[in-house]
Each structure stands twice: as structure tokens, then as C-alpha cells.
Amino acid sequence: MNSSKQTASTSFKAPDSSSLQLNDQGRLRHFLTTENLSKDILTEIMDVAESFSSVADQAVKKVPVLRGKTIVNLFFEDSTRTRTTFELAAKRLSADVINLNIATSATSKGESILDTIRNLEAMHADMFVVRHGDSGAAHFIARHVAPHVSVINAGDGRHAHPTQAMLDMFSIRREKKEFKGLKVAIIGDILHSRVARSQIHALNTLGVQEVRVIAPSTLLPSDTKSLGVQVHGDLRSGLDGVDVIIMLRLQRERMGGALLPSEHEYFECFGLTAEKLAYAKPDVTVMHPGPINRGVEMDADVADGKHSIILQQVTNGIAIRMAVMTLALGANRASDSS
Amino acid sequence: MNSSKQTASTSFKAPDSSSLQLNDQGRLRHFLTTENLSKDILTEIMDVAESFSSVADQAVKKVPVLRGKTIVNLFFEDSTRTRTTFELAAKRLSADVINLNIATSATSKGESILDTIRNLEAMHADMFVVRHGDSGAAHFIARHVAPHVSVINAGDGRHAHPTQAMLDMFSIRREKKEFKGLKVAIIGDILHSRVARSQIHALNTLGVQEVRVIAPSTLLPSDTKSLGVQVHGDLRSGLDGVDVIIMLRLQRERMGGALLPSEHEYFECFGLTAEKLAYAKPDVTVMHPGPINRGVEMDADVADGKHSIILQQVTNGIAIRMAVMTLALGANRASDSS
Amino acid sequence: MNSSKQTASTSFKAPDSSSLQLNDQGRLRHFLTTENLSKDILTEIMDVAESFSSVADQAVKKVPVLRGKTIVNLFFEDSTRTRTTFELAAKRLSADVINLNIATSATSKGESILDTIRNLEAMHADMFVVRHGDSGAAHFIARHVAPHVSVINAGDGRHAHPTQAMLDMFSIRREKKEFKGLKVAIIGDILHSRVARSQIHALNTLGVQEVRVIAPSTLLPSDTKSLGVQVHGDLRSGLDGVDVIIMLRLQRERMGGALLPSEHEYFECFGLTAEKLAYAKPDVTVMHPGPINRGVEMDADVADGKHSIILQQVTNGIAIRMAVMTLALGANRASDSS
């Protein structure tokens, strides 16, 4: 019935220009993908996030940075968790937030995406946070949006989920101080993961020593090697000596039965247990974007254990979203006054 | 299944008293219909909207006019687009907004509309923005509401949609400076349009030279002539020499199959094209409330062309809603202190 | 279909420790039940509510008490009415509010309640307002929540609905000045009512002379007598000389057909009419939590008559929720600094 949503359609052109994300002065105007963004830009995002991290510890967890700005959560695909993080980040910046669940509204009256965008622009929306089941949707909107509007990609099909990737980078930096020399393993369903691609680009740009992906061959995209990673089919060899383990969610709802024999069998081969964790470095950091399927992707012991920073990732996600929103709207202002 | 919602029921008494909208000092307290409101009142709404138009251009798009006020969007009929414009207008006035989608809530526990109203009043709601599938619903609520509460009609059945009409008047005034001497044509499904009635009343009150309606006879209400309009069954003769064209949405979901042969045939006769537009004045203004069905009501060329002010209408809609909310709550305060 | 929601499951441990609600200094940190809370605590809640009652009469109905705090409405069971009162209370305290309707979101991806809680804590939520179909759910969450977070029970299964009970106590105090000497009758479906238990505990703690429950034996829980009440099967004898009548909602959707013969027959025996009201004291106060089923629980005459304070209860409900939120978050701060 809603399988059409699962299958990434090809109705949008493949994303191309990385320059789309930057304004004339080379500042971040849209945040669509980590791909082709410079180390300086990614570092600036983390630096601003660091400055916002302290906001959450204040008695009044609010700064007036985006007061009077209108941020529209434009969700063509439902995701309460992601929407909530953006809504919280926007409210802590004092912005006004409008939640639009497009699956259930205007487009059912036959309105096109572009007409929806044009209308919201005419209402003086300043930013669209876009979630869409199709790869390239956020790029498509960014390419057609008015000059005063910024677009943040909150996940598009199998393509990218750059704020998730950046909160992971930020979390790694807070743990390991620097990226140089790190060995990072990404484990799981690389094929269906919009996060994995965004992570691989960011890790390589930030200069880690080695990115490994560990997955059954049926869950690897055909272009894996061109992404600049080492591929491991065996968990033990893949974990050998790594500093950071990034688990992916097993997106059961996205997979047909053909790709995986059973959850039990997956856990046997690729599930993270204390025993397998011993192959990594003693101070290895374990990450997962949530929600966790305990006993499928990893043991509860590992998820809740001393190496896990899964909940810190959530906390860092608010700061990263605050940073990206602030930078993108600031770049727009800078661009206006030029 | 939900056909009962489509068919305008007669469960509410026909709206009568225009004085219901004004307080003791003759100020706008509720905004239910443009009918029987004076030229002064309509002009004041546009003047206040003009003053709010600049708010959207400020860095901080917010004024503290309604800070601490509670505005309840009481939507018995779903309309994300209309609700969003009222929500944005209220937030830019610094009011608190509660969205209630009644179709899915309290009334399912058997609560009557009046009990819902009484409860929200007891929670110190200051304003109800009411959308309802039945004609007269907003009047019914206004007639029974507590003295401190204002009611704004956001569309009731086939009857009225006065803020949409007033944003159209405001848009015309911004384009043409004055109403005197204007010839205005309204094209489309007059029968099912709550906007058309509100527009016709406002245009006549504001003193345009001529209001024409252009529609197939099956889409005209039986009382059309009493509304003070000229009826045209032919688009070319109807457009001859007009200054303003107001297109209506073809509300496909409201029509049975019997009234219209096909969308294609409708477009042949009543769809607006560049060729037909040539019959109007050279500086004709083209308006449409959105969402547009391109290729049904008008060509994409016309919708996106130089005569179209469709997106300015959306912008003006925020200012008009801010104006109506401010005036209505101001009238209530004035009334209290008398 | 959704009968699983109706039947209170036993998936949570029975609530036990009353000390769970208080912090080290004996201040209210969570508000889960009126049971075992001292007269001082209940009185303090009403005193703070009294101070907030005037806020609703100000032109700007807002105080900055909880500015920058994040309050999450965590509704595992839909209730627009209850959610709206908490949302309004939070906004009048200047808090940021996030509404999560869990029935339709994260848990459908297989996330456990505890993972949901941990994630929201990591986003620096300060308070959870919890509604759940299962008895003990709010206790369960309070037992596992982080030290900086407060939990308010907004109704859990058949167990408790303490803010509703306290708004009733507050309403009685505003009418009768003191509890001493009062005879209070609770009429209706005691068995399925989460409110009744909370009311009985509070009334006894506050020192009324007598609490009576009036219900058909099929709608009485087996432990009624241990609650410290007198049981009446006859409305007339039960009402004899009472000062306050608290009607319960006949929760038709919660009852199987076996417990009640028919609504008509129920009204004949237990429906409140002017004639039956005459058995009570002349200045008797009539209360009902709404929404009323007129002609089932009581005559419209009584519901809208001079003894009824049903709408004042709604008004008082906002003040009580503001008070409980303020006290609980204040206790957390006090606890932090100790």
C-alpha cells in the first residue's frame, strides 16, 4: 500500500552542484549534504554547536538568536523523532515553528511541491526543514527557493541526512578531541542508509585515518568502494583496532525479505556484543542514531554500557541543529547586505 | 462516507443580524462575513493590514500586540493552508495559539459545539478562528460566545470566507490604488464558493463600477442576480475591458459528476489563457486564492505571468489576518472599558 | 479492535512508594497521585493555584515563571481536552511545549517507553506530562526518569488523575472556604474512574466529614470500603444533606454491555434531576469533569443551573496545572542546589 514511499523514486534529478549550499561569500546557506563541503565549514558547524551546548545547561534554555524568524518543518515523510529535535532546536533559538505534515495535507488537493514552497515563501517563511522519501528532494527545493530562504535536509530517501552525520562528527570530536589518526567502522545496512553516505563524506573530509564499512554484501551499495572506504564482510576483522564504531539502524520497514535471512541470523553475524567489542581498541566509542533494536543490532549490554555515547548523541543533535539553523540564516543575512 | 461533510447541512439558523459583528461603539468585534459591513470598516481593516505589511520585512517579524492572548484555531473541517496562515498571523502578533482539529477529537466523546465553546471560554480563550463545513456555523458560535471572546470565520460551508475576500480587496487596492471605476470579473464555481459571496459584497461596498460573474449556468446559485452582479456565460464577453480577474478554485471534491462534463471541457470554455486574457484591459490583474489547478482553471503561463499577483495575495493574507485579529480583540477591550 | 486499550493491562508494577513524589526536602517533585500526599502539600498546590487565578484576568495572561523550560506532553492515549489544558497552562507560564502523540509515532518503530524517555531527557526536557491507558505508567516513568526531570500524571488507566482531583478540591475550597464538616457525594461509574480514586484520597486527607459514593453495585470496585467511603446504592439516601455532589462521566466507551442495562435505565436510577437535587443541602454545589452527557448523567437543567460550577472547574483546572508544574519544577531546582 505505502510501498511506493519505501521505494526511492527517481522523480527528482540527481543532486549535483555542491556550490548550491554556499552563498557568494562561501558561507553555508543551505545544508543538504556533507558531500563536497570543506573541512572549514564542517569545523565551523561543530564550533558553533559547541557554543550552543552550554545553552541547555542554563536555567533559561533559550537564546534570542532567531527571534521573529519563521521555520517550517516540511515533512513529506513522517518522523516524529527528527521533527521533535528540529522543533526543539528552533524554539531554543526563539524562532516560530510551523509543523506541516504534507503527507496529510495540501498536496492532497493537488498542489505541487513548488506551489507549496512558493506559498510558504509568500508567507515569509525563512527556512524549510525538509524530510522526503525521495533522494534529491531537498536539493530540488533548494534549487528553486527564493533568495531569502534556507533549506535544511532532514533526510531524503537513501541519499543524505547531513545533520545526523554532523551530530555524529560532533560527538566523535567531543570524545576523541581530533579526527586525525582515527579508525572508524560503520556497521549495518549501508544500502538503505541515508546517514551512512553523509557520515563517510564527513569522516573523510575531516581527515580520519580510515573508514571501514562492515555489512553483508546484500546491504552494500554497488558504489561502496568509490566512497573511499574499506569493506569488511566479517565483524571481527572489521572491528580490529578501531577507535569508533557507528552502528546503523536496521531499517526493517525498508527491507524486503530477500536481502536478509532473519534478524536472528543478522545478529549472529553483525550484532555487536561485548565479546566482539573486545576486538576494537580498549577505549572504543560506540554510537547509534536510535531507535535501537536491542538484540538485533547490538546487545542491551553494549547499548547501555560504558563505551556507548548514544544518549550524548541525542543531546549533541540539538546543538548541531541549532548551529546549522543559525549559520544558514546568518549566511542569508550576510548575503543580503552584500 | 464523509459525504455528509460535503453537503451543506441546515443545522444552523441562517445568518441574519449584521450587527452581531459590531460592538456597542460600532467597532468590529467578530468577523463573520463582509455582508452589511460599512465601507469604513472594510477600509480600516485594509489600513491596519497596510501597517502590518512592513512587519514581514523586519529582521524580527514579530510585534507584541497580542502578547498573552490565547487564540484557538477551531477547525471542524481540515484545511492546513488556512490554518497555517492564521497560526502565522497570530504568532507574528505574539499570541499563543492552540490548534484544535475537532473532526478528530472532543466531539467524538459526544460533546456538543456549545459545550466545547464553553469549555474553551472557561480556559480564557480570547478568540476562536472557526472553520466549519456548514453555513452559519461561525455565526452560531458568535451568537452564543462569552462577551470577552471574538470569533473569526475562516470559512463556513458555502456561505462566507471573509478574510480571503478581504485579502483579495487589499490586494486589489495595492495594485489599483482605488476601487472607484474598476470592473472586476469573478470566474468559476460561484455556486460552491464561500469566497465569491464574500467578495461580491465587499466589492460592491467598496464602490467598484461593475462586478461580473462568469460561469456555466450549472455553477451559478439561483440568487446570483440579487447579489448585484452581471452574469456572463461566455468568457470573452465577460472579460471585455475588465481591470481585475478573480479566478475561483474548481473545488472538484465538492462537485458531483452531474454539474460538469469534464475538466477538459471546463478549461475549453472557462479556463484562462493568454489568448483570452487579451480581451481584458492591458494592465489587468489576475488573482486566484490557490491552490491552482494548472491546466484546469488557467494556463501555467497565466498563473505565473506578469499579470498574476497570486503570491502577493498569500503575503497580503497574513497582513489581513493580523489586522482582523488585532481589530477584533481591540474592539473587545474597548467594549469592556465602556 | 482497540479493546486492548480499554482493558487496563498489568504490564506496569503496582504503584507503591508515595515518597517517589517528594524530593529530599519533602517538596513535590512528581505529581502522580493524591494518595499519601500530606494535607500541607495539597494545600500548597491550591494556594499557588489561587495566586495564578488572577493571571487569567490580566491583559497579558502570561508569567515568565517557566521561561526556557521544555515541557513534553507525552500522550500514549489521545485526549485533546486534557492535552489542551496542560498546553495552555504551560504556555501561560512561558514554557516551550512539545506535543507527542505516541500512539502514532516512535514506538511504532519498536522503541520502548524507556528509550523514548531517555531520548527526550537527552534533549533536555524538563517535564513529562504523561497520559497512558495502563495503571501505573506515570509511576513507572517517574521511577526511571533522570534527576532533573519531573513527571505529571495526566491520567493512567483506572488508577489516578490527580490534577483533575486537585482542580475539584480547589473548586470546592473556592465555594465552601473550608473542607471541615463537608459531606461530599461522588456519583457514577466509580469502577472505571481514575478520577474517583484520586478525589477520595484528597477529600479524606483534606478532612471532609464524610465521603459517599453512589453507584450501582456493578460499577463499584471490590475495595471500595477500604477507601474510607460510605456506599449508597440509592441516589436519594445518598444525596441526603450533602454539601457537594461530584458527578463522574459515564465512560460509555469503557464499558461492556454487561455492566449496565441501558442509558435510560441508568438515568432513571442515578441521573441527577432538580427533583433529586432537593434531597441535598439548599446551597449544594454540583460538579462534573466534562464532557457532560446531558440526559444520561444529569438533566440539562441541573448542568446549566445555579448549583453547577462545571465551567468554573475548567477555569480552575488551568490554575491547578500551572501550580503543579511550577511546584514540581521548583522542587527540582531546590533539590539541585542542595
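Going by the order they are written in, the chains are A, B and C; count residues from 1 in each one.
Convention: a contact is a pair of C-beta atoms (placed from the backbone, for glycine too) under 8 Å apart; a residue touches a chain by one contact, two chains touch by 3 or more.
Quick caveat: nothing in here was measured; it's all calculated off a predicted structure.
Engineer: Rounded to the nearest 5 degrees, what is the angle of the rotation relating the C-alpha atoms of subunit B to those of subunit C?
Structural biologist: 120
Engineer: Suppose you list every residue number at the subunit A-subunit C interface; are over half of them used by both chains (same) or under half (different)?
Structural biologist: Subunit A and subunit C contact each other through largely non-matching residue numbers.
Engineer: Roughly how many whole angstrom separate the Cα centroids of subunit A and subunit C?
Structural biologist: Centres of subunit A and subunit C (C-alpha means) sit 41 Å apart.
Engineer: Would you give the residues of subunit A that are in contact with at least 2 other chains, written as numbers and ranges?
Structural biologist: none
Engineer: Can you list the subunit A residues touching subunit B in their complex?
Structural biologist: Contact set of subunit A toward subunit B: 67-70, 96, 98, 100, 104-106, 109-111, 115, 118-124, 333.
Engineer: Which residues of subunit A touch subunit C in their complex?
Structural biologist: 56, 58-62, 78, 80-81, 84-85, 87-88, 91-92, 252-253, 290-293, 311-315, 317-318
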